[in-house]
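Each of the next two complexes has subunit A plus one other chain: subunit B in the first, subunit C in the second.
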Partner chain A sequence: MNQKLVNILLVEDDEVDVMNVKRAFSKNNIMNPLFVAGNGVEALEMLENHIIPLPKIIILDINMPKMNGIEFLKIMRENEKLKNISVFVMTTSNEDSDKINAYNLNVAGYILKPLSFEKFLTSVATLKNFWQLCEL
Partner chain B sequence: MGNASILLVDNRKAIIESFRKSFSEIEVKHTLFSAANENEAWSMLDGSQKLSPIPKIILIDVNRTKNEGIQFLNSIRNHTDLKSILVFVITDSENEINKAAALNLNIAGYIPMSFESQTLNSFVSVLNEYWNIIEFSSQK
Partner chain C sequence: MKEAEDKCQQELVALKKEFEEFVYIVSHDIKSPMRAISNITTWIEEDLGAVENQEVLANLSLLKNRVNRMENMMNGLLELSRVDRVELEFYEVNISKMMANSIALLEPNSNVEFTLNTTLINENCLTLGAKLQKVILSVLDNAVRFHDKENRKVGVEVVETESDYEIKVSDNGPGIPEQVASKIFSIFYTVNSKDVVDTTGAGLAISCKIMKLVGGKIKYSAGINNGSIFTLIWPKIIILKN
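On to the complex of A and B.
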């Protein structure tokens, strides 16, 4: 995957978390173009109106204002042009119902945001290694 | 995630043995089950040989058959109790049609792989690290 540098969309309302993802990408030498949407509504607008190039990977938070991650996923999976995008949930929600809903909508993984930045770095490094195995 | 079961579908005994060896060498904590074909796999998911709990993960080379592999994934996605299973396509051959079909069925990853033991270990160890950072529901 690395040689093509696919686009990645981060859907996240918390600015600190956005910063952390950017820092973790940079520390792990993840050079893929990263776009950010503040919630599900904004993400759908960006995708449906081609405001950003179509991403192959979406990193999705669950608890967000306007439209949460699960609602966004439902709409995305019903859209022919968006349905096959790989989605990785990254959230602080440890609710079983969120995990069940996310996997029923076929996310590639449900990752709990670790509390420390060091652990978060390790999780992102693991994701990077996994992405490098995959053809998207 | 905690200890889960993983179902490997492949009609080559040697490949299944390589995976078993690799799982044991890397000390993967998840239990590996295997099926020689899609029919056998289906009976382990929703038939006479049904596994309990249902495997959380399936590893399958969809390019071993013309389209039985893709049909199998399609049946999983249309089954209420099975549709949430994480599917990793692992393959040592190329087939762009199957790849596109599998990605449309929202597999978790399409992974071109070499099944030689040394390289297999490095693939399985990346996969295992990934499995260890993801959460599953506690529901059986």
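On to the complex of A and C.
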């Protein structure tokens, strides 16, 4: 089957977390093109100015400088062109308020960044199954 | 007078806000570098491939263990700080069932023989169920975790009085040396080095804070033939401030 791999945008300010996602992708044989933005402002700029091809999936950190994940989600959901992108929140925040805010803005999933890389691998493997559905 | 009161109130609000910010910082900003240390350790391990130097392997394993411990301590600290802010729902609890279920949770693989005795007038009680469960599990877990004997026994006894439930958890384990018994409710205090029994040392501190919140009591006493006895006085009627 000739599948077209969907583009994924990672919005994350922490260098090690970006490496973490890249490493987990390669371990899980995820070949999807991965684009990285360092915060919400940068991500919006990339999306609105077509600097990158429109992603079907966004992996979003909450705690970021300039524009945090929740603020970014709010703006995104009000934008006709961007509002249908599936967003997975990936964060250390276990605060109920952050979870409620995220779900109110219609997110596809909420991943708590685990301490161990092995656990993160399992989460990413689960995501892979979902992404493959998006590619059909 | 009114002015002084208002000022006090304002200071309290400011302090609360500062405290909440502190908790948020601990849970997010400090956890990030910690996670980075843990992840990078794993990557170094992977990238090194087959390592023959046993010392390198042992050090990598120690490094991971300690980061893990740090995370557990951080989580313990967070839980302690949130005791009076989360899980404050009152619901009906069947006391006998809660005890039996807690035992059932710990019994498998514990090598411990449990006994449960209850003397109750009314099995059901409208209470802060999640908090009671937390304290019971914590005390039971300690009785199992620190046990050092071949023939391991843990007894649970519940007696209902007019105003409280008295829950007594006794074991035939090593007990707690008299000179340190006063310290066991401090956060992160462990009787032995954390290398002997890998534990965070947060459970009893959290339990103690819960007991204060509900207006109850938790106390330790030495058992006959060594061993420990933890007694919980859980009030039937709980009035939360604010």
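The working rule: the second predicted complex is superposed on the first by the 130 of 136 C-alpha atoms of A that agree within 3 Å, B and C clash if a C-alpha of one lies under 4 Å from a C-alpha of the other, contacts with A are read in each partner's own complex, and residues count from 1 in each chain.
Assume contacts are C-beta pairs under 8 Å (C-beta built on N, C-alpha and C of every residue); 3 or more make two chains touch, one makes a residue touch a chain.
Small disclaimer: the values here were computed from a predicted structure and weren't measured.
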item	value
Fit-or-clash call for subunit B and subunit C when the two complexes are aligned on subunit A	fit
Between subunit B and subunit C, more extensive residue contact with subunit A	B
Touched partner set for A:Asn63, first subunit B, second subunit C, both or neither	second
Partner chain in contact with A:Val16 - subunit B first, subunit C second, else both or neither	second
Included angle at subunit A between vectors to subunit C and subunit B, based on C-alpha centres and rounded to the nearest 10 degrees	80
Touching partner for A:Leu44 - first (subunit B), second (subunit C), both, neither	neither
Partner chain in contact with A:Val36 - subunit B first, subunit C second, else both or neither	neither
A:Thr92 touches, of subunit B and subunit C: first, second, both or neither?	second
Contacts of A:Tyr103 with subunit B and subunit C, given as first, second, both or neither	first
Which of subunit B and subunit C A:Ile111 touches, first, second, both or neither	first
Shortest CA-CA distance between subunit B and subunit C [superposed frame, angstrom]	9
Doubly contacted subunit A residues - partners subunit C and subunit B	94, 96
Residue numbers on subunit A that touch subunit B, as the complex places them	77, 83-84, 86, 94, 96, 99-100, 103-104, 106, 108-112, 123, 126-127, 129-130, 132-136
List of subunit B residues in touch with subunit A within their complex	77, 83-84, 86, 99, 103-104, 106, 108-113, 123, 126-127, 129-130, 132-139
Residues of subunit C touching subunit A in the complex	24, 27-29, 31-32, 34-36, 38-40, 42-43, 67-68, 71, 86
Complex contact set, residues of subunit A against subunit C	14, 16-17, 19-20, 23, 63, 92-96, 113-118, 120
